[in-house]
Structure formats: C-alpha cells, structure tokens
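Presented sequentially are two complexes of subunit A, the first with subunit B as partner and the second with subunit C.
So, the complex of A and B:
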C-alpha cells in the first residue's frame, strides 16, 4: 500500500475533504468539562488528533444507544400493516479513531455481519464508511492494548492510518478506497525511512505502558487460558459478583459489546402505530437472561458477572476468531461503581493462579 | 459535537451526565468523567434516563372534566377553572402537594403561589417527607439543615457507618464511594436487619433485630463513654446538653441491650473502639418509610458528637435523600411551618422579609401536612393541587375521591391524574434551565437542552401565569430571576446566581459573602456556636414479636423498585427488570429465610398471607438468606401493602418509624 506525508498544519484537510460527501465523526474536547467525546463534528476543525482517548467508544456511530429501526402501522379493520424500515444509510467518515476502538468495531463487524445472518441496520451504518485511525504515540493511564493485541498502532481495517512523526504525519493507506483518496490530496510520498521512524515511535509508546502491561504480556493471556479451560474457582466469581452494582455501564462503554434489546413503543396518539427501538443491553441485568416461564440460567449476580468475562476473554471472540473480545481501552474500569473493571478482574483471577 | 452537560434527576446523589440531542429529541446519555460527585459513573437508572426523557407517556394537553370524562382544553381555560375552583374555598380548605422532583425555582414558585396567592400554608412534599426528621436533628444540633459532610470526602474517611440504608440500591454512586473507601482501607460497618450488598462489602456487619437500630446506637455510645474513649475537653469546649443524652445510658443493662439488639458484646465493643479511635468518621442513613425515625437519628447524631466526629475533615452525619431535589424541597420551604432555607414561618422578622419582597401579607398560622389531612376524616381539606406525583400508587385514594376539587400538574402521566378535575402539563427538566440541590447541599444548574413541545410551559411560567390570572403579576423575565429572588430571601443561597453556577459542577450551600465558593462540609472552626446534643427520648419500645405475631416485618426498597417505578416504568430495560420480578411474584413478595419458609411450609413463589394486628395482605414468599429467622422484608411497591395494609398502621406511616410491624405469615 502507498504511503504519504502530510504537514501538521495541513492534517485538518483530511476531515475537510471527507466532509464533502460524508458525515464526519471524530474526537473532540467538550469545553466546559474537558471531557473527550467521539461524536459527530458539525465543524470538522473541532476534531483533535491530540485529544485524550475519547470517553465514549465510537460504537454509538454504528450501534447507537437507542435507535428506531422501523416504524409500523397496523390497520386492524383492513388487517393490513405498513412497515417502514428506518436505516441510516448516509456515508460516514471516522477521523482520528484510536487503534483499540477500531479493534472494537472489527469485533462488532464479526458479530453483526460475519455470521449466518447479516444485521441490515448495522450494515447500513457501516457500509460506505471511511476510517482514519490515529496511532497512539503514548498510552493513556488506563490503557492495556498491548496485552490484547489491539494497539498502540492499528494493523488492519483502516482506510488511512496517521502517525505523528513530530513535525508531520505519516499517512499509510490500508485500502483501495484509502489509496485513491490519499492520492487525490496531492501529498508528498513517504518511504521506508518514515516507516522506520514510525516503528521507533511505536516501540517507544509500548515502553511507556504501565508496568503490568509491559512486564508481562501474558498478564491477560494466561487469564484467558484459565477462563477458557474453566479453572476459575467459584469463590473468585462470588468475590467479583458481590461488588457488581448491576448498572450495565461496563457493557455500554465497551467498544466490542454488542448485546441489544428490542422494544416496540406504541404511540398514544396513533392507534396501531409503533416504533421498533433497539437499545443497548447488558448481561449484568437479571432480566437479560431470564427465559419465558421464569427460568433464569444466570440468576445470581456472580453468574451474570462471570458471563461477561467468559464472553470477553473466551467464547465470543477468542474461540471463534482467535482474538480477545477485550481491546484494552480501560473504559470499563473508569465507569464501574464496584471497581471490577476488566483489569481488576484479571488481577483477581491471576491472584488465584499464583496462590 | 452534540453533548450537553446536565444533572441526573433520579436520586439525591446528583450525578453529572451528558445528554445527546438529535432533532430536538433526547437520544442518549453518557456519564461525566470530571464531575466531583459521580466521577464518570452512573447507575442503572442514570444510564436509562434518555428513554424517560423521550417517552411518549407524557401529559401534553390541558384537560378538564366536569362529571364525565376528560376533555381537552386551552391552557387559559384550564388555569381559569383551577383558579375559580380554589377561590371557592377558604385558605384552610386548600392544599398543595409539591414534588421533590421539581427544580428549586419551580418549588419556590409553587410555595409562593400557595402562600401569597391562595393564602394557605397547607403545603408539603409528596414523597419521602421523612427527610424532615433528619433535618430537624441536624438543624437543632448544628444550625445546618442538611448533610454535615460531603460526598467528595468519603474516600478520606477512616471509619464509615452505614445505618439501615440499602445504599448501593438507593443511591448507588454514594454506595460506590463507600465501597471505594473500604477498598482503600476504611473501616466500613453496616448496621441493618437485612444483609444488603453494602453489608456484604463491609468489614463488619451488625445484623440488628428489626426496630432495634436505636438500641444498637445507644450500645455504641455507652461503650465509648464507659471505656473513656471520648475526649472530655472536646465535649466541654464545643458541645452542650450531653447530660441529657448520658441519662439514657443507664436505662438498660448491657445484657438487655445485647438481647434486644441481637448483637454480641464484642461486636459492639470492637465497632465502638474503631469509631472512637478513627481520625475521621462518617455515618449514612435515610429517613422515612425505608429509613429511620427522628429519635434514632438523634441517637446517631449524638453518638458522632460524643465521638468528636463532627465538623472536621472526612467527618459527617449524612442523611441521604432518595429523590433528586428532596433537599431542595426543604430549602425552598415546602413545609407547613417553614419558609426557604429552614427559616421558621413563625419568626416575625423572616415573615416580614417575605411580605416585603412579595408585597403581600403571609398567612400566619402554620398549615397541616396533606397526608395527615387525608387520613383525618374530620379534615377541612376540600381542594388539592398536586405536582408531579412521584409514586405509581396513590395512597388514601378514597379520601382523595371525596375531595371537591383536585388539580394535577405534571410532565409525565401518573395514576394520580385520574383523580383530577383539571390536568395541566408542564415541560420536563431538560426543556428549561433549572437548579437542583443534591443530598450534600450541592446546587447544580442543568441547562435547557431541547425546546418544549408546542404550547407546553415550563413550571415557572405556568405558576407565573396562574398568579397573574389570579391577580398577582410576578414579572419574571427569565427563570434566573427566580433564583435571584430566592437568593435575596435565603441566607444559605445568598451568593447563588445561575451565572455563577453555569459551566461548573455546582456549589454547596451555604454560598454567601463568607463562603463565595460554597461550603464543602460543616466546619467546627467556623460554627461560632456550641454543638447541641439532640434531646432524645429514653423510652425504648422496640417492636417485639410474640407467639401470635412471630415475625418482624420491615419495609424498604428493592433492586428495580424506586417509588413504585412511576418513572422507571417509562424506560425499557428497567421496565423489563421490573416486570421480571413481577412475573416471578405477581402480587409482590415478602422475603423470609429458608428456615422460616420450612416452618411455614412454603417454597419460593408460593402465596402466603401476612397478618398483623391491624390488617392482612396476600403476597408471594421469596426465600432468601438475606434475612434472619423470624424476620420478614417487603419492598415498598406491593400494591396491596401500600394502598391498604399499611394504611391501617398510621403510626408507622406518620413517624417513618423503622416501619417494623409484628406479623404472622401463613400458608394459603
């Protein structure tokens, strides 16, 4: 694939150019609170490639928190129904995506599009998408993507990948679409020496991770092995389950969590009319796994909690695609009232291994 | 970017969030990372607030009815009908039931409307009015009618007592802070009759007999005093009235205390020693139906005063508000005998200040609490105005049906509106600038995020319109001017303006010349007075079980049940969780331990009859290890319990008395 260089002062042109025929999304800092959001940019100059990792994953672009997927109107006397699918088909561009978040979206792709049935709603969001990733030249405090094979540089799935070389950005193209777009920008070509500089920067970035992530890349993989083979004691899960507040936050902020609920909301002002809403759901809720008739295979909170970690570290992605369902972004640790984000859980399971 | 900062309006924690707006509709919610209270966390309710704010289950048109069904009306017409109906009665026959969910500005104007336009002091808060008990104790003791500590200081406390509150359910983010403190090494002790989540996360769990919290607190205080763990020089220099409290110590022997509380001597002594020796200590409790009564709160406050744990960093006697603006409700004077900022109506200088500002005479005799009037067959109450009733079940429905006139003002549909003759819609809190005061006295501004639907007025405009039509023009050009007026009349809010709150995370009152940045916690050094021990009774009538009624029944909250879920039912996922419980236990449940279940001969989900000296109800049994033998627990959402069974126990309802009732449980 081709490589180019773009001056720092010109890097905003990528988003500007994409904005001609895309809805552009990117990391932006909310001024009042200083919090970074990955959100739709009304003004692409607000997108900041140096902003900290966004507080929200880009998941909401392709899988919104609450979304109307269709509307229907049932005419009882005529016994007929009018169904209007509501797919959001506008082309979207994600600019400045962090590598972990891209890895998360690839997990979602496998879930929604890589199995027997393709999810049309997700597909509509995802097709025609242009992705520009941004290499993390230094990790943030909670990051552990080096342990989950998802950073600090993206290796697949992007159209363009940017790396801050100091005075300029290296632009790598990752797809035909990306190559055509980059060629159209009239940029200077890059060569292997720039690639070598990128490698140095990535190595430096890896060395800056928290000790636990640097010293022991097996930190997570040993636990994955343990979880996959089912050797974690009940007491460990109970200890973790006792601390779960059942808020669902870990699922909501996870770039790779894909579970959803469907509800038909009737319109009190129009008889027979309803909106079908799809919204984020979480395995931490008791009603999530409750079956018709009342049986619940995962009623106690610890059974629901361990389900999350089986899912992240074992069966949802690992057993099918040989990669963890966790992408090492650390957001679950930020938002958890019980302080049982994935890093802590890994620590508790490891404590059990070493005992 | 489309992320608008705001304040979650479910419980009294006051977490910060961001609301995403699309096409003038609320589309999503996300936690605020840098918010000093919530620090990037939300609970299950907070994570689903966007669905509530986008629900079609709203009141959108004014409705009136004469004898038949409701008909749509113009706002003018409905307001005219409301005024005409109220003006028919003398002020003592009119009542206002205010909402602890309304903003400070709305609460204040409703209070002003009741007093200055309709001349009545019959105004009180609709739910969780038991919070008053906590404020009475703290106000009498320290002069501060609010939480003495601060949520931000929880992680710095060395000792934390959680007394009779299921805090990880009621106010989960405060529960989270306590959990984080425990993980960082704080000695967290839970005192409860039921093994709650915070009990499991605590270093020590004192499982007291139901109704014996006061005795357990007495036992702790007695230990501190008798082992000389307190600091006599602190008592001498900073407190008064200890003698009155000390008299209670001799009333019961140690053995009686252990027997009545169900606790062991070494449990009590260890905890008392930890409390006394810690550099800083906090206590959390709630008042009302699922919390404690005023006397027990007095004992808790006195215990912490004796231990010298008031007015210092990391210390605090902290009542927890279950509703977002419950504290604000009392700050805004929503009580028959109070004006704003806990200023007594009976105080002539205060009344004069209000009369001057409002340009009218105030009704001087204190009013009556509405629910007490409804319970009283001989009550003069004839007309009632209700704002945003929070509960899904209407108590005293028979008495309400007998009223001549009921008006319902609210944003969301509620069963209470079915009893109304006039229904007036108002905008939701995201459709106007509004301030709310959380449990730790933090006044936060939540700015307008979307435009109200056509014809819908925000509460402050509707109340202004009612006042104008009734002959009193208020002339507020914008809602911030309402806060300016509150600030002029309320010493604790003296320095508050919307401009000062904008863009920040709020200010904790008192905010005045001396504390322009607010006041994080009650400070002994700045108190300028001695702290008074609260006058508590030394009568101990712990409810006791006997052969006829062998179980002690407690009432409280459950995982997805807050105020019978009027609001949560409008959100899909919490509604599913709620329905899941209802599918398992369609009539609600009473929780008993496996041993009791065996003795009665029932299993989980089997129907039982709960019989007390005053009534009976039919529910399902839920078998759980969280309660002790001969103890039963019923969540406060069981229709039959609230609308019928508990009404027979008026004493329990009135006092918020631990709500412990001796009952018999029978298989049916």
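So, the complex of A and C:
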C-alpha cells in the first residue's frame, strides 16, 4: 500500500481522470429536495465528498434493479433455437463510496462469486469496476456501522481510499489497479504523520455516533447470537410481522440484499423472441415463496419477516459473506413505514432477552 | 479486481442447453411424461445426474421451472414428468414431440446412495410424490443385490391417480421387490386396498432396523407418514425426503427456495427428516 496527498481543491481530478475511461458514479445532492443520491454523474464536478449518506446504496451499479441476462429466439418454422447471454457491461468508477456501502458490496461479491456457482453477470460488472471510498467523518443519526464492523473507515476492498484531513485528502491505495492509477496522478507522498492524523479523525468520527452504537458494542452481536441459535420467541417475530407493510423498501435500500426474480418477457415485435430479465425481489412479498399451484410455505408475514433478519444477523449467513450481513448504514430504518428497520428489530429482540 | 475477492473455480450456468422433446406420454389427469434429449451431442453424452437431483426447464416464450428427474442415472430413458399447475407447466403441456425446450442442470445434492448399501429401502409415495422417488426406485432395482428388502408403498386419491402404472406392474413382478398400492377413494372395478398410504405398513410388515425410508407427497400425507414411521421406531436421520420450493435460479443466488438456513437448490432438495426438523419451517 502506498499513500499520497491531494489538495482539497484538486480532489475532483480523481473523478475527472477516471471519467476518461469509466462511467463515473458518486454521491450527488439533488437540487430542490436536498437529498443525496448515489447515481451516475454526467458532470463529475457534481460529485460531493461531503454530502450526507446517499438515500440509495450503490448496489444497482453492480446489480441493476432490472437487467436482461440472456435473449433467445425460437424460430418455429425452422425449429431452431438461438440463445445468447445478453447484458451490457461498461467500465464503471465509484467515487466517494461510503465504507458501509463498500462492505455491502463485499457481501455481494462473496455471495455472487465466492461459492459453488459464480454469477456470470455480476462477475462481468464487478471485474470492470474501480472503487474510491471516502472515510466517514460525520456519521448520521441512524448510522451504526461501528456495531457491524463496516466503518467509519474502510479497511479492505477499495482501489483508492480518501480521508479528509482538513485542507487536504489522504489517498491510500488498496490494489494494484489503484496504485497504478494513483502513481499516474503525480501526487506528493504522504507519511506516517498523515496516517496518525487519519486515525484521530476516525476516532473523532466514532465518538460522534449515537451512544447506543458506541457504548454498547454487544448491542448487535448479542442479537446475532439469539438469531443464530433460534432463541427468539415466536411472539417477537409476530410483533415485528404485525408492523410490516410488505412494501419491500428495506430490501431495496439495503446494500447487501440481493434476492432477485427471473422472468421471460416476450417481444411482441418478434415471434418467438424473449428476453430473460432479472429484477430485485424482496422476501417480504407474499408471492416470494408461493409455488405454482398456490401452496405457500411462508404465508404469514412474520414467517417472511424473520427471514430477512435471519439473513442480516445469523452466523450461517455470515459464513457466506465472511462478515455480518448488516453493514450498519441505517437506510432500512429511514425508509420503513412500519418502523421495523434493523435497529428497532435488534431492540425488540434484546428487550425480549433482558425481560 | 480487489484482492479480497477469492473467486474459486466456480461453475457458471446461465444459458440453458437446447433440447428436443422426443415423445410425450399421458400419465394421469393433468400429468404427462416428456422424453427429452439435449441437441448438442457432446454435452448430451456427458450429461450425468444423481437420483434426487433436478433440472431447470425452460419453455421458450414462457419461463423456467424446477423439475425433478424421475429416470435412473443409468440405463434409463431421460424424461421428466410434469403436472400442469401454472403458466409455464401449462405451456409445456401444449408442446408437441419435436418441439424445443431448454435445460440447465443437473442441480442439487441427490440421495447419498453409498450410505444405503446393505440396508432395507422403504419408499412411501403419495400421488405425484412418486415422480421424484422413481429415479431412486429404479436405481435400487438395477442394484437390488446391494440392498436388503425394497418396498414401494404408493397411495393415490383414486385408482385413476396412481402414478407410473406400467412401472408399478413391472416392479411388482421383479423378484425381491415388494410393491403395495392403495387408494383413498375406490371406484367401481377397484379390487385393491383402500385407505391412506400408512395403513399399508402392517400389511407390508414394515422393516425398521437397518432401514431407510423415502417419503414424498403432499404435506398432509408427509406429516402423517413421518409420524407413523417414527412411532414404529424409525429414527429421523433414516427418513429422507425431497423438498419442493419456488425456484428461479437453481444455483443458490436468487434465494427464493430458502428454507431455514439452507437453500433447497444447493443444500437440498434431499433432506433427512432430522434436518427438516431443524429448519423450523413448514414443509
């Protein structure tokens, strides 16, 4: 790993340089609403490294909400079928990614590529990706990445990592690709004193988290224990299920949720042609586990709700992700109309423990 | 790519292989058997599977579904047996011999046959539950000397709902194979047993020691049969079943088939009842 310094006024050059051969994505503040979104930047100068946490995770960059994976054509008169993988992959650069969102992407990496079967489409997207993370200097009210080992500073998986030292940014390289790129920028070298300044900034950032996240390190891990060993009472899941609107928002804003649906969509303009599309799905939907014929082994909503929290908090899922499935970004807590984002679920399960 | 990614030599199975429907046979009401072969001869000759595995079948222009493999892994004509339950299976039933379909797979764990050597095998199938068990039954028939008693107990709603009637006759005549059949509701002309499938246990003088049971059928039948088997002293680790779930990808990614901490597509579909009990979900 090598380290460099870049002046605050020059930090935009990183995105500019990457834009030469990448589509650049980053956090941008939407005019009018004032909300931050992680999206494709047509103008890289709009990327804000000081913007609040984006409302959406960067998941859709590597795993689009809807994507064609293959196309086929059944020529009936000739009785022949042509099937071809069909998806668009462009080199993409993610600039200003939050450490929690990077952790989410690492979950997806290990899930899609690190098991018996490799997801061809995800792999293709991921191979062409350049990641620039940005150390979080100011956590937000719902953030709890300190409890899930995913922030406020990234420790692995980035090509470049930026840290705002005040008047300049510390640039750390995390990969061969990142080192080559950083060397090409002609930056001044950084030394251990800068690393020490980074550490102070990270420590200060940690101290800014809500008390519950900092004081009680066992806040989540205790619940992980309970969920893994199955010691959560049915009533607790029912209580949580009663508040679920089955809207699926938690799944869509989650950086590590990756369930998808597949459908063959015929093309009205071409007889026998169809596209196989995959799209995000959510385990909260009633149709998620319903089989053809109507039998649904997970009919009650609580049976589907506890599945999501099982995914985020159980050890068996940690074995797939090599880290907790929850990355502590707090987005599910923002969006849930029933107020059963992960922090509240943790609280309900803990309340049951301490009662 | 970042250094933390550790891509093993994972398999990639996104694109189905084109296959041809060679022949279609009517089984019972709403159920047909489709004899298939993969068009690419090289892939077809290397196409191997285990009893208990499944494939993902594409009906072009309609979709894809998971379907169990009823033929034995050796010396048996490749086929699938499908009931019309929804959109894609209905589209499959509308196809004719010569039409093309797509195949991905085989997927899933299959039955651990090595562990069954020297044991008695008891197959309990309710209705179309005989379909996923057929592969294993024919395999046992082909290797009868490796096993003790082999019993097939099949129950169906009416005599018209009995699956694989020709096979049942054939199995009945095979030496060392014991086949018992019952129907819930008899129709005129039915001279066999009536009653649910577990009522055959006494008549069959069901073995318990050194025995493995395979149970497949609708959830109600499943629970009753398992209860009866356990009551007779068969341990839960010697009761096998194959689970059915809504599946999309077949390779452990879409997560639709999650049951407890497992995925039916990669960890199943074959489970022992001991495993099923720990999943904490409805069958």
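Quick note on the criterion: the second predicted complex is superposed on the first by the 344 of 355 C-alpha atoms of A that agree within 3 Å, B and C clash if a C-alpha of one lies under 4 Å from a C-alpha of the other, contacts with A are read in each partner's own complex, and residues count from 1 in each chain.
FYI, contacts are C-beta pairs under 8 Å (C-beta built on N, C-alpha and C of every residue); 3 or more make two chains touch, one makes a residue touch a chain.
Fair warning: this is a prediction, and the values are worked out from it, not measured in the lab.
For the composite obtained by superposing both complexes on subunit A, the positions of subunit B and subunit C are free of clash and fit together. In the superposition on chain A, contact of A:279 is made with subunit B only, not with subunit C. The wider contact with subunit A, measured as residues touched, comes from C rather than the other of subunit B and subunit C. By the touch criterion defined above, A:145 reaches neither subunit B nor subunit C.
Contact with neither subunit B nor subunit C is seen for A:250 once the two complexes are overlaid on the shared chain.
By the touch criterion stated above, A:53 is placed in contact with neither subunit B nor subunit C.
Looking at the shared chain after the overlay, A:290 reaches both subunit B and subunit C. When the two complexes are overlaid on their common chain A, residue A:342 makes contact with neither subunit B nor subunit C. Angle at the C-alpha centre of subunit A formed with the centres of subunit B and subunit C, after superposition on chain A: 80°, rounded to the nearest 10. Looking at the shared chain after the overlay, A:326 reaches neither subunit B nor subunit C.
With both structures placed on the common chain, the touch criterion links A:260 to subunit C but leaves subunit B unconnected.
Our summary of the superposed model lists a minimum C-alpha distance of 7 Å between subunit B and subunit C. The intersection of subunit A residues touching subunit B with those touching subunit C, taken from the two complexes, comprises 261, 263, 266, 281, 290. Taken in their complex, subunit C has these residues touching subunit A: 1-8, 10-16, 18, 58, 60-65, 85-89, 98-100, 102, 219, 244-246, 248-249, 251-256, 258-259, 261, 266, 280-283.
Against subunit A, the residues of subunit B that register as touching in their complex are 1-3, 5, 16, 18, 20, 27-35, 40-44, 46-47, 50-51, 54, 56-57, 168, 172-173, 175-176, 179-180, 183, 197, 200-201, 503, 559, 572-573, 576-577, 579-580, 583-584. On the subunit A side of its complex with subunit C, the touching residues are 69-70, 72, 74, 79-81, 83-85, 106, 109-121, 123, 126-127, 131, 156-159, 174-177, 230, 258-264, 266, 272, 274, 276, 278, 281, 283, 288-293, 295, 297-298, 303, 307, 310, 314, 316-317.
Subunit A meets subunit B in the complex at residues 28, 30, 32-35, 37, 39-42, 46, 55-56, 60, 64-66, 242-243, 245-249, 252, 261, 263, 265-269, 277, 279, 281-282, 285-287, 290, 294, 334-339.
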